[in-house]
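Presented sequentially are two complexes of chain A, the first with chain B as partner and the second with chain C.
Moving on, here comes the complex of A and B:
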């Protein structure tokens, strides 16, 4: 119908060269424009000292560290809140789905009411609401709510005692990983009785942990009130708790919609055939329907998890130091907005593309296994 | 080869009577023993929820506006905060004497919304009507062109600002998204690569990042003497991000239209743009309407993000109201008020989408049946070179 365009007739090498030349030209033009406005350009600012402190981080950070390290801390915080959010969201979505696919009208009503309430209110409003509850409505540090000695819930966050392993950490990690692997193999083996396998898995895990901790008794580091705050132990800050919980609740409503739609998309004939073979509804759901529904639901669910990752950028409004929040501070401090936004785009795009590639690969493997 | 292989399974039993649904539902409340237990738990939870909401929201609540001391003293809801702050939340920092202007525009907006909702009134005039309504909103609020006192764009806020950003974003995103979808669908080339890159970029990064880009970087590329109000930057950012999602929805719908339609149109001598305008897009846009309305719903809720670039939309104005130290303790009531406004609009829109979906079932099955018949009968098997 049409002849091929000139671009398509070039080979891949020439196309990439053209693209790189175009990007280089655009970058040079932007540099000239910014220089005429007396705005600094280039990525050299990454090696400067940050000059600001970060509230919470997975690696050590102080104000003399580089801005690049600050951005790494932000990325790790984003990953942390996303992982917590994804786990919580999956658990809440599982409960919601069970409530909605059952035949009990009242649980269905609760499920639908929850989903409609959460989906029709903006996420940012929900985050502000949860953050308000965790800061304004909570008591001060001195009057903290303490159900068990060592656990303190106040407007400074949830403080918990932490375990200090006294040198046995690596052994414990290795042995726990081995025990988990064994548990997984036991639980997914073809011919098994669930109760015996479960008990066996628990026994193996407990024995492995006991062996690892032999001679290295862990000590408890409990938080103590000192002045206006707490010292010792670990804490979950109200920002992290509000962000993770709000993101999880919001995503779980969409995830339960996806799960219900996937379960309904499996043809009715599967139900009828399985029941005709004498299986109970619970068995049908677990052995016949759920695997097929999982294949249907995988891509939409992964899209929703990626949405959770992108929504974690709302931390900038709550005060949790994720990548967008720290990048915003760097933008205000150095004025180099374009470079910081390029870093944002790079980080988010690489996460999204990597996760999407893994999900597509997983789906291809599943479909191949069926065929 | 018969076409029964592709037929959907048909349920030929008679539909149960309405009363049977009711008795089945009531019976499932107690039939297996654990259902009865669940019913008891649910009824108890509903009762506790109801009584808590009643005592907090009505019995112990403070209704009369005052100086806030009554609110601090009582343990009930502080509706006095809503009474004293609702104007700030709904209209933002707009001068009180001129608030009849955004109120007038809101009336016009809801009228147009009602007209657009009834399918009998759908015609080509609706789209220019929405663009004109949006432009009128900009003019009325700012006072440019009309014999009204000027109100600076930085003072706009509340519900009119939310709606202006949402509609402005839609006005940009719909045409841009359709063009991007056509570009991505088209033959391989530089246009397809660029449009794919743009769509994946817009869908891969959060809206907050795009808002920062529009707020901080975009003014650098304009001449320094051009005023670029923050509201326009927010509209451009929302429109750009939404165009990526619109493009994906429209692309899926274009693929749902049978290729025989395009091929017949070409064989009749229609050009590319004529085919799209008269044959493909009318069908595709009807198929894509629920997805497009869902996208609009998502971006209507995402307008609340403009608080990070310093605009006082509905949520931003609520935050501003909460910064008043007298009413700071009433954050639940004020967030509930703003949340109720969002909830009513979004819930109504999602119910409307469902109604549209049910209503369009008849012609949707007709479209897909035509597509199935075309594939099964191989009636369009002319060996045209693939485009």
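Moving on, here comes the complex of A and C:
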């Protein structure tokens, strides 16, 4: 016991108290130093009116709203581009992995060439490349490409008509969630024949949606060109498209490497045993190898997804208003760089730690089930 | 149950519990100790540090044509660079004692606050929030500018009200965002904005057609049109003014001596133009000029010592840099690609705002 350090001999309460005291002391000393140099301190600036507008946001935002709301808009934008990026990256990585584990030499070559190219060029340059292509290749707003009326593709983005639910949105959400749950249970239950179960599920969903929409017919809000811009409908801006696609392509190259490595890490004995039982290669892959490989690949894949979230902070270089971009604007308007950086750290840290904890928990449960 | 192999596996994942709090504790205590006992600034510290170092470090913009940009030989030129050289000549006697640190609009004020640069000649707009809330202070205005807009000529817009629904591109870190919002909302013009971090990204997006309007200081618009596109005739700078934008040199608060040197160096440049002293005739006027000219050029002792410099500080500055008018003409005026008219930057005797207290 005498070889243990003093810290280890303290109990958890004392350790927490010491930690809080040390961090509080650092914060107080920083504030004292800033005040002596006449630099504004404190988090009061969060309640001030923003005074600037934001290019795109998921919730309504007005320049009269508080700076705190502006930061919330930024966080939602970051999460939006991350979710889109993660979904796209997984799809592209799946395609790449299938190309690389197949036996055809040409698909293998293209898969490897793509991965090597994307991994070795810095992400920022790739983002500039995709953004440049989108702005140069697309026509101007007045000459927009319109395959069907109401859909416009130009260098101002892809404008689509949006559904306006006229007040039935929440009921629709609740009912469709319930219908989806019922459909899932019907399809996975063993007692019914698949065809009857499928028809039943579709009938239930349609009936539920019809009930929810009764009296609240949805209307289509089509975009139209007014002056120099579009009014109505929803849009996907070139910044969002370039960022999501660039991040997805970059992450997919790493994800396909992880997937291939995980597939190779499953012992060869599994292949041989499954083939000896008479399974076809595609069945072996789907039923025996892939589940085991998924356990191996989970933590590295989650790490790569979190990297995508963090890389989304490069959005400011191509003009997408994510949390770092809006935080930078706030830093410049108020001059309080340290407080805004603390907010950045808090947001990214809490999100990444939460996702990592979920992934660890999931993995522990998987392992427990196997053993 | 978590035992045996599973316990070891779980512990390796959760080993973070053991080491992170200890590291945080150590870092927190170290930071507290360092910060608590560090010295606050005291008067005269900056000037002494500059003299001890032997050269002046100026923060300049990364590539702002006419204000501070590297030329094809890599030497920094521009009206802000001239001011930095002038301060260096005043202190050390030669423009070679300068180092230039290119800073983005984001980082410029933080770099000055932390001491990375001594003087910020970065075409930085003076506002109350910045002057009072950052621990910095503007020492004079060396360029009276305004935030304006540039649009492609093919839109045939004569004024901003013609541009309803437009997309506006601008950089972060300046007063542009607030100015655009105040003006456009006030005039009830619909707009969408795209904000970029750096000037090159903004230039390539605007000249590729991503946005309809480029909002920036009018001097920067002129520079972008002259230097960043091959077809300047396709773009027109509208006469609308969104907001005032007085640009001047910035120093840290807390060193009045250095602040006064910067302020009076700028005043000397303006005074020289008012008194018709140029780099060519400075040497002769020092001996044979009028009383005001000889006092400016240090022939009559007194002013230099009050600032803590030698008496011929203004003479050396004007002989090497020239007057404000010469610096203006060389960098942003008739002798430059920008060809900006003097406008508000003319002397007060000629209808402008350049008025310096007498030396």
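To be clear about the criterion, the second predicted complex is superposed on the first by the 326 of 371 C-alpha atoms of A that agree within 3 Å, B and C clash if a C-alpha of one lies under 4 Å from a C-alpha of the other, contacts with A are read in each partner's own complex, and residues count from 1 in each chain.
Assume a contact is a pair of C-beta atoms (placed from the backbone, for glycine too) under 8 Å apart; a residue touches a chain by one contact, two chains touch by 3 or more.
Just so you know, these numbers come straight off a predicted model, no measurement behind them.
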Overlay on chain A: chain C relative to chain B, clash or fit: clash
Partner chain(s) touched by A:349 [first = chain B, second = chain C, both, neither]: first
Chain B versus chain C as contact partner of A:37, first or second or both or neither: both
Partner chain(s) touched by A:132 [first = chain B, second = chain C, both, neither]: both
First, second, both or neither for A:311, with chain B first and chain C second: first
Which superposed partner A:331 touches (first chain B, second chain C, both, neither): both
Partner chain in contact with A:284 - chain B first, chain C second, else both or neither: neither
Chain B versus chain C as contact partner of A:29, first or second or both or neither: second
Partner chain(s) touched by A:103 [first = chain B, second = chain C, both, neither]: first
Which superposed partner A:52 touches (first chain B, second chain C, both, neither): second
Segment of chain C that clashes with chain B, given the candidates 168-176, 222-230 or 276-284: 222-230
Common interface positions of chain A, toward chain B and toward chain C: 7, 33-34, 37, 39, 128, 132, 136, 316-317, 328, 331, 337
Footprint of chain B on chain A - complex, ascending: 1-2, 4-5, 7-8, 33-34, 37, 39, 103-107, 110, 116-117, 119-125, 128-129, 132-133, 136, 267-269, 310-311, 313-314, 316-317, 324, 328, 331, 337-338, 341, 344-345, 348-349, 352-353
Complex contacts: residues of chain C adjacent to chain A: 5-6, 9-10, 13-14, 21-22, 24-25, 27-29, 31-32, 34-36, 38, 40-41, 105-106, 109-110, 113, 129-130, 132-135, 155, 163-167, 169, 172-174, 177-178, 180-182, 185, 190-198, 201, 204-205, 208-210, 212, 252-254
Residues of chain B defined as touching chain A within the complex: 9, 25, 28-29, 35, 38-39, 42-43, 45-46, 187-190, 200-201, 204-209, 212-213, 216-217, 220-221, 224, 266, 301-302, 304-305, 307-308, 315, 318-319, 328-329, 331-332, 335, 338-339, 342-343, 346-347, 350, 384-385, 387
Chain C-facing residues of chain A, complex: 7, 15-16, 18-19, 22-23, 25-26, 28-30, 32-34, 36-40, 51-55, 63, 128, 131-132, 135-136, 140, 155-156, 226-231, 237-239, 316-319, 321, 325, 328-329, 331-335, 337, 360, 363-364, 367-368, 371
